[in-house]
Amino acid sequence: MRISARNQIPGKIVQVAKGQTTAHVRVDIGNGVIVTSSITNEAVDDLGLKPGDDVVAIVKASDVMIGK
Amino acid sequence: MRISARNQIPGKIVQVAKGQTTAHVRVDIGNGVIVTSSITNEAVDDLGLKPGDDVVAIVKASDVMIGK
Amino acid sequence: MRISARNQIPGKIVQVAKGQTTAHVRVDIGNGVIVTSSITNEAVDDLGLKPGDDVVAIVKASDVMIGK
Amino acid sequence: MRISARNQIPGKIVQVAKGQTTAHVRVDIGNGVIVTSSITNEAVDDLGLKPGDDVVAIVKASDVMIGK
Amino acid sequence: MRISARNQIPGKIVQVAKGQTTAHVRVDIGNGVIVTSSITNEAVDDLGLKPGDDVVAIVKASDVMIGK
Amino acid sequence: MRISARNQIPGKIVQVAKGQTTAHVRVDIGNGVIVTSSITNEAVDDLGLKPGDDVVAIVKASDVMIGK
């Protein structure tokens, strides 16, 4: 399945931190940039996310702001 | 001003396309990755965004999904 | 690729309306419910979205509110 | 009060799981589809959300992606 | 209907600007603060939004960032 | 750095409640209105957010709905 989200950045998981309902997943996208994703624990379990996994960080264009 | 958003990725604007109310700004963040941002025309005008500008693509952690 | 978004609802596209930069895609998910999605024109072109297509409406859990 | 969000899907709550600050509410919208919503504990308490409640899952059109 | 969104700020519409698919609605919430909302043209028509209307600007808590 | 988000409302923090991964920050923006923000614990620590701080509540225009 392909998805409409314009931003799909490949990287590698460097950390998965689960809370009671919400988890934070950190993805190294290269160039020294770490992207942080806040998703449900269920999503972490469902996809079996763990450090070292090759993944894609996905962001809808309407959720990207510009700073200058 | 510093902001709480966990993802602040530096890059350079490569394209600004304005519609009637909504503009698309494309930012080269290196490694061949282009990030697309959908913002208001007013924001483009207010910040004077144009190709070649050094900017930061900003995304709240809760707006990042993971694909695997 | 599987994605972390908790809500992935299958349906059929019933309308695609493009503006200058932003398109509205309407998806019939059954039971008489039509879901409206606002995405970039580029996404519509990239995925070749058109009425009759079998698609999936995808929503991150943190973007769902409850009314009662 | 009517709201601008284009997607307002009726259903019935099947589960409420509270964490320390964030709760997950699952809503059966029929056809075997369960929608997951991530909201604050305060919202759960304020609206008195519990399994069996007839509710509406609300999503802004700009938060809906399309997969194909 | 009450909704789970934690931020519901009363104000008065001061401008409605429609594009081809997306409209910008500006709401004066007092204290000299104008809130800008980007919604579909269909929502504007459906609710009959126009300058002078008493409305509520609604924002989910997970969509609010903090700058300091 | 200036950012594209159209809504940047000044206020004062009245409460910071941290969960295991997600924190809720409440900001008094005047006129008796309290804005609730849901952000990561890391953001709270990184910016050193605490009651009494003068801050800005930031919301992208595409995340604002209208109720009438």
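Structure notes:
Just so it is clear, A, B, C, D, E and F label the chains in written order, and each chain counts residues from 1 on its own.
The rule is simple: a residue touches a chain if its C-beta (ideal position, glycine included) is under 8 Å from a C-beta of that chain, and two chains touch if they have at least 3 such contacts.
The structure displayed is predicted, hence computed values, not measured ones.
Each step here moves to a touching chain, and the least such steps from chain A to chain C number 1. C-beta contact counts were set side by side for B-F and C-D; C-D has more. If you average the CA atoms of chain B and of chain E, the two centres end up 23 Å from each other.
One inter-chain figure worth recording: chain E and chain F are separated by 17 Å, centre to centre, where each centre is the mean of the chain's CA atoms.
Counting partners per residue, chain E has 1-6, 19-20, 22, 24, 36-40, 42-43, 47, 49, 56, 58, 60-63, 65-68 as the residues that reach two or more other chains. Under the contact rule stated at the top, the pairs of chains that touch are A-B, A-C, A-D, A-F, B-C, B-E, B-F, C-D, C-E, D-E, D-F, E-F.
Put simply, chain C touches chain D in their complex at residues 3, 5-9, 24-25, 27, 29-31, 33, 35-39, 43, 47-49, 53-68.
Of all residues in chain B, those touching chain E in their complex are 1-5, 19-22, 40, 42, 60, 62. In the complex of the two chains, the chain B residues touching chain C come out as 17-20, 22-24, 36, 38, 62-63, 65-68. Interface residues of chain F, counted against chain B in their complex, comprise 1-6, 37-40, 42-44, 46-47, 49, 56, 58, 60-62.
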